[in-house]
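By letter and in written order, the chains are A, B and C; residue numbering begins at 1 in each of them.
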């Protein structure tokens, strides 16, 4: 595989984590414009752990997930009372605050005679763990897709479990969930924390592939993109958001002549798609039909229209 | 500066009021208008009024495009889809402008050469006084429009209950379309005066306009015009104070922290009132 | 005056009206009775232009109004008092009445508003109050007055007695009779069969999207009407 293909694949994998993170919150009925904050926290935290304190990536990754997860759970607890748009804007405000604080913060330590650490808008550089340990991009490819595979597996298990149905119930009707004796508060915070940790995985990989990250990597564009991926790909299954990433990063990046007009093409594609499929390509109904077909049964219309 | 934010927030509020949906492309529409204005200035050395008209016109046309594609075409009950779609169109507008204006940073004609003036012991930029005056006039005109005309009646009816408005024979689709264009035009005026004091424009202005308008609207409480004004003024004051005491980066941090704190402590905004319950009901469907 | 011929209206794949035909004679009160979910409100919505019938035709005063938009239908002389009243809660009583006259462009609107206040003195006292602060009965009167502001020849009323105290219901039906005596034709959907049969000249029974009976109040025992209007009858389907 040539390097360009590997880079594109790595990007697809990395963004898939944050897309899944936004998707998880969508399932629980919340629109977040702020998942980029946890992607950023994951990137910065893991980068600092490896570059400043010399930890291994494999220790830095779970630590970064923990930091981002705790931060996300705290935000989730604070914004518990907010719904819909208010929640979306609160998460956006949080994410922008984090990003701007990173711009305003400089904290460097001396590593091998060089200052290393977050340096305002100059970003956090010298994340050399991959280089020092002779990891090539293709090695990261395996690491990313291995992790993504595990995450997807967990998603599928979750969707079939009690947790999955609880999350979807809360998303569909919070009051109904409460009357069924579900502790909505606890699950909301749990989901927020998990989503934060999930975004941090993407951030950690991103930081170690790029070796330098800047606060502006985590601006609102990334957050809304991750939300858009779920809505393009579909809200019916965890494959949906990844399909969304694939369409944007994979398809549009691959087609040369679109390059100069990529945002116009992507924007138009999304706008038109949402007119005809407001819940994405793989929405609940089509996922249901696909499952039936995979099991070799003829789809019956009434069952499918039940959604 | 606060009055500019207030105007931005009023436009935002108008759209949110009639649609109960968020138009993220609001700022980028204004940005298109501002670039059209600057194009007239650079290409034809147009005077200030031509630039103003051009800005408003450009914003209104971009607004019309957004409404048709992201709101009119997307069926009822899919507010999230509308919001994401308006974001997608935002990217289109931003890239479209970047392609048309490849240098990114352009000069915007100042309103004129003004001296600082003394006002109650403070030295104030004259542009800001003019902006405050324009904002006051616009707010008054908008109030007259909403409460004294047949169109205003229809706008209020649609924002309270679109179905009931339909029963009364109101063409809700058209009212929403016109309100959307009106809101974008107000945004265009706000954009013109903000730019005329800043004198430099970049495509990033779309992002700023959406953010500032959104923050001011939410500080004031969504869907209320007096709230939007109060929110805009508060935002202006807080930003100035933060910039003065802590430096330019902290200006934006203060704005976002203020918003975050407000949402947690007082989600209804400054002028939380009886409409808050209805807003929440509407938002639950978002 | 109003002729509905064989209309079929559906929500997605579900047909709510499966070929409904009925007529409203000028100067009369015509009632549509039937159990919940029979399609009564759907019929009203279809006549008012809010739902487009898939098939069939609606004629009003010999003009075809099938599938026209609501604004056109209001202008041609049909006004609706919607189910659950749907007044504009944050608008004043006065402004609510103005919305009712939205389809008009003459300059007698303010005079008509004054006339409404004469007819409904309780609204007069609350002219500048927000409609949301009115009692249920007052809101219903406002909804009726608002519809009358369009100067309709035919008034469609969807469950005007819903959720109101018995005394208020009496008053609403007195208003219906008064309006009819003044020459307004009325097409009424009701759950309150007893009251409806007292005022109606004609009535229809709608069951599962089909008209199963049409006639005058004397043609059928009240008990049977009540039975079929609440529960539906076994032999229809």
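For the reader, a short list of remarks on this structure follows.
In this section, a residue touches a chain if its C-beta (ideal position, glycine included) is under 8 Å from a C-beta of that chain, and two chains touch if they have at least 3 such contacts.
Worth saying up front: this structure is predicted, and the values here are computed from it rather than measured.
Steps from chain B to chain C, minimised over paths through touching chains, total 1. Of all chains, the one whose CA centroid is most distant from that of chain B is C. Taking the mean of each chain's C-alpha atoms, the chain whose centre lies closest to the overall C-alpha mean is B. Chain geometry summary: the mean Cα position of chain B and that of chain C are 42 Å apart. Once the centre of each chain is set as its mean CA position, chain A and chain C turn out to be 52 Å apart.
Chain A and chain B have centres, each the mean of its CA atoms, that are 30 Å apart. Shown for chain A are the residues that touch two or more other chains, of which there are none. Per the touch definition, chain C reaches chain B in the complex via residues 48, 50, 69-75, 80, 82, 86-91, 95, 98-100, 102-103, 146, 150. Residues of chain A that touch chain B in their complex: 31, 78-79, 81-86, 88-90, 93-94, 96-97, 100-101, 103-104, 220-221, 224, 227-228, 231, 260-264, 266-271, 274-275, 278-279. Those residues of chain B that touch chain A in the shared complex are 22, 24, 69-70, 73-75, 78, 80-85, 87-92, 94-96, 99, 207, 211, 214-215, 218, 222, 249-250, 252-253, 256-257, 259-260, 263-264, 267, 280, 283-286. Across the interface of their complex, chain C is touched by residues 150, 153-154, 156-157, 160-161, 163-171, 274-275, 278 of chain B.
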